[in-house]
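All chains are identified by letter, namely A, B and C, in their written order; residue positions are counted from 1 within each chain.
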Amino acid sequence: MKQKKKINVYFYIMVVPMAVLFFIFHTFPFLQGVFFSFTDWKGYGDWNFVGLRNYLNIFKDKNVLSAYFFTFKFAICATVLVNVLSLALACALNTNVKGKNFLKAVYFLPYMLGTLIISYVFKYIFSNIVPMFGKAMGIEILSKNILGTTHAWIGLLIVTIWQSMAFNTLIYLSGLQTVDKGLYEAAALDGATGIKRFMKITFPLIAPFFTINMVLSGKNFLMAFDQFLAMTNGGPGTATTTISVLIYKKGFSGGQFAYQSANAVLMFVMVVLISVFQLRVLEKREEKVS
Amino acid sequence: MTGKKIGQKTNWPVTLLLFLIAAVFIFGPLYMTVVIALKSPQEMANVLALPKSIQWDNFRKAWEMTEFPKKFANTVFITFVNLGFTIVTNALASYAIERKRKKSRFFNLMYYYFISAMFIPFNVLMLPLVNQAYRFHVDNVVGITFLYVVFGMPMNTFLYTGYIRSITENLDEAAMIDGASPIQIFFKIIFPILKPMTATVAILSVMWTWNDFLMPLVLLSDKKYQTLQLAQFVFQGQFNTQYNLAFASYLLVILPVLIFYIICQKWIISGVVSGAVKQ
Amino acid sequence: MKGKKLAALGLTVVMAMSLLAGCGAKTEKASADEPAGGTAADSSAAEASADGEAVELELFSTKTENAAILQKMIDGFMEKNPNISITLTSEKDAATVLKTRLTKNDVPEIVAMGGDSNYTELQGAGVLLDLSGEDFVSQVQEAYLEMVYDVNVDQEQTVYGIPYATNASGVLYNEDLFAQAGVEVPETWSEFQDVVKKLKDAGITPFELTFGDAWTCLPEWNSMAPVIPAADFTDQRKAGNATFVGTHEEVLEKYLWLLDYAQDDFMGTTYTDGNAVFANGGAAMMINGNWAISEFLNTNPDVKVNMFAFPSVDDADRNTVTSGVDVLLAVSNQGTDAQQAAAKEFIRYALTPEVAASYIEDQFAFSAVHGVEQTNPTVTGVSKDIAEGRVSNFPDHYYPNGFDLASILQQFALNKVNGMADDQNISETLTMCDEQYDAANVG
């Protein structure tokens, strides 16, 4: 067998146009962004090279640092909460409940709706409905619009959880359904029930699903944007300004095109590092399973 | 729930709990959206009560104010034209890449080129892309549709190549002996087998383009090109305190999705699951 | 078989092709209805329009409040000029959108915007047409032209924007509630404090603040900052000879005092919700500008609202109304000759006394056009101040663009709600102002 077989030209035709377009509209802007992060370009007009100035300034800029800190805090909390809650919900759905398919469909519904509209609806709930109930029941902490307090991020967390749980629950549920019921029966004979059975049998079996969800949701939450722009616009103050919101707000309207490009490059490096780390973990786990 | 009767007895407490949670947390906000959209401003004092008389007029006003038909047409165009092109082009490219990866450096490089782009968040190339888009005149409905096709490549390559890997190459070889060209082989043999993955790609792509907000926000500045999602953002200022109109407008946007979901619910759910599990 | 092969082959390239085709079509169209730089096509378009062929323009407004009246003006204009068609763009977060479009070099033919740092940026980018030689420049008041010169990048005396409407920021009050509490319009800070206390004793919420939207934290600052620190502060700050620390402490002390008399949960109240509450008599005062009045009347047409200058200090003569160029009209130099001519024609139309009067009547604004006066009773409290020139320009119009004072002040108010000690809050906030001001300049 000769390995050096000529490859039919059609195979090139299938790939090359896509690759060219991808380069023009994806890779090239990306490289441009990297390039301009070393300049003082405002997005129009003249520019000069400024070396590493933008990068050095980023580390001194309180706005940027607090945005990174906040984004991490938000992403970690959201990832953990979403996964814990959806795993619980999936376990509940996996028991012998009536109307299982209906419930499954209902709990998946939030995934179908656009984040922007969900955010507007929840913004109204937080600013009008919740305070109304809070006042009626005399609970002080609920009688204020949470989006106007230091805890605004909790409001955003709730919306994010509400929407993201749909997808994660579904994945866990499909994972749970692959678990052989016979294993439970065997475990029951050994006296393992409840939490113990979950930790010993269920969780190890659905661990790959857990990793998928952690990776996907973690990455999404690091880039969260829509709900922040719609609900708080990064406020009050800069309390809920994520990296994405900062890049958008300052990059376009604050005249900091180049500076925020540097910020974007930094964000890219960070996402790569995290993803590589997560993929390593994922591979290890897959090795263990197989 | 211990013992051997798993699968027989209904677990009533959990069932009730699940229905209760669904009623409060999923149907609650939806109910509120619907009721507000159907009310007059005078009835807003009792926000959660049912409207005394249904104000269809809210929908008419929201319809006119946001120029719904135009925005709807734009969104439908983007969503479905993108869908068609995404499936054909991305599946073809993935087929070529996966089949020739082992034999050619070039195709292997392409594989890593597309896959590694999954790590680049949109926000990172957002600022320069806006310039680029203007230079190539893609800051309009047709243009953004193709940008979606291009930007979907990394994820779809990942999904498709994984699936194609599981299809035995014997099929290709048999067809090749019969004198079929690679493109014929793809459309006649591979593409039909890919159907489950195509369903997944289709759903993810439709949900993405219909609900996307950031890309239209930075690219579609011209009013006549705006999408439904973007229109909701743009009209926040003009909705003002007219929450009834705003909610009527939101409802107009999510209604098509709801109908689509109710009809194709099973198909959507299984599509999303198989996509995610592949990842 | 062969045909199918070709069709399939075609499919793979069709995407690339149609994209290119899309580009081509767009470029051809661009010379007809979009700015595309000065080419031969432009001059032919100019000739064409002289023959009565259609010219299409876009009017971009950075305010959503004036969308209705601008549309009315456009309709009136198009009726007189059937060959010119203008579409209005008016959206939320318009300043950002405009900046995005500047990045794309996609500048609308006519821009209606405030005389602020956004204008400076547009003017500095060199995309605006020099209107100095136009006959209609003489129709606007020199004082407002000066204000626009001040925000030109080099403060040069060149007309890149025609001031059209001016605004007034100060205290909006409900006349009925003032009468109910038996208080008069205050002229000094001490009187103001008295009024506020009396209102509170009468069981009336003195202030409705809407700090859920960050920008509404600015009017308080903009009222006091021109009066309390030295008059040349903005210049000195720019030159690096002065800092916010050491000059603006009194501003923030008074700011904090106001917060004690605001409604519950003012941090969680949005501008739209707060306007509705105020319009329905839920509070006696709002610290904002004339642009909010039309919003009140939308909610409650019967509300009796008026305005007075914010009494920043006890020397009544020093207190001013904050007034700036709320709307100026600028023309893009990126359009075709025909578009530029049509845009100038629109400005000429907008400056006719009847049209200018209809604009300020609708907006409760003040006109920059000679002889057009605001007579509406809802602003009588400040129209005299404005006529007598007891005005200061908005200080934030002189701050650099990336300096997000609104967010800093929103944080300042939040600190207060969270119980931070006033001294600490004031010094931290002013330090932050200086840091961010400098950071924005580096940008």
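Everything that follows uses one rule, which is that contacts are C-beta pairs under 8 Å (C-beta built on N, C-alpha and C of every residue); 3 or more make two chains touch, one makes a residue touch a chain.
Because the structure is predicted, anything quoted here is derived from the model rather than measured.
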{"item": "A-B against B-C, pair bridged by the larger set of C-beta contacts", "value": "A-B"}
{"item": "Relative to subunit B, chain with the most remote C-alpha centre", "value": "C"}
{"item": "Mean-CA-position distance for subunit C and subunit B (Å)", "value": "37"}
{"item": "Geometric centre distance via CA averages, subunit B-subunit A, whole Å", "value": "16"}
{"item": "Residue list for subunit C, restricted to those that touch at least two other chains", "value": "9, 12, 15, 19, 100, 103, 105, 273"}
{"item": "Where subunit B touches two or more other chains at once, by residue number", "value": "89, 92, 127, 131, 133, 136, 138, 146, 181, 183, 186, 218, 233, 236"}
{"item": "Overlap residues in subunit A, where contacts from two or more other chains coincide", "value": "10, 14, 17-18, 21, 43, 128, 248, 252, 257"}
{"item": "Interfacial residue positions of subunit B with respect to subunit A in the complex", "value": "1-4, 6-12, 14-15, 17-19, 22, 25-27, 29, 32-33, 36, 47-48, 89-90, 92-93, 95-97, 99-100, 103-104, 107, 110, 113-114, 117, 119-129, 131-133, 136, 138, 146-147, 150-151, 153, 181-183, 186, 207, 210-211, 213-214, 218, 229, 232-233, 236, 243, 246-247, 250, 253-254, 257-258, 260-261, 265-266, 268-269, 272-273, 276-277, 279"}
{"item": "In the complex, subunit A residues that touch subunit B", "value": "3, 5, 7-8, 10-12, 14-15, 17-19, 21-22, 24-30, 32-33, 36, 43, 92-93, 95-99, 101, 103-118, 120-122, 124-125, 128-129, 132, 162, 167, 170-171, 174, 181, 184-185, 188, 193, 209, 212, 216, 222-223, 225-226, 229-230, 243-244, 247-248, 251-252, 257, 260-261, 264-265, 267-268, 271-272, 275"}
{"item": "Contact set on subunit C toward subunit A in their complex", "value": "9, 12-13, 15-16, 19, 95-96, 99-100, 102-103, 105, 118, 121, 124-126, 211-212, 214, 264-270, 273, 400-402, 404, 407-408, 410-414, 417-418, 432, 435-436, 439-440, 442-443"}
{"item": "Residue ranges of subunit B touching subunit C (in the complex, touch as defined)", "value": "85, 88-89, 92, 127, 130-131, 133-134, 136-140, 142-143, 146, 149, 181, 183-184, 186-187, 218, 221-224, 233-238, 240-241"}
{"item": "Touch list for subunit A against partner subunit C, complex", "value": "10, 13-14, 17-18, 20-21, 42-45, 57, 61-63, 126-128, 131, 143-150, 233-239, 248-250, 252-257, 259"}
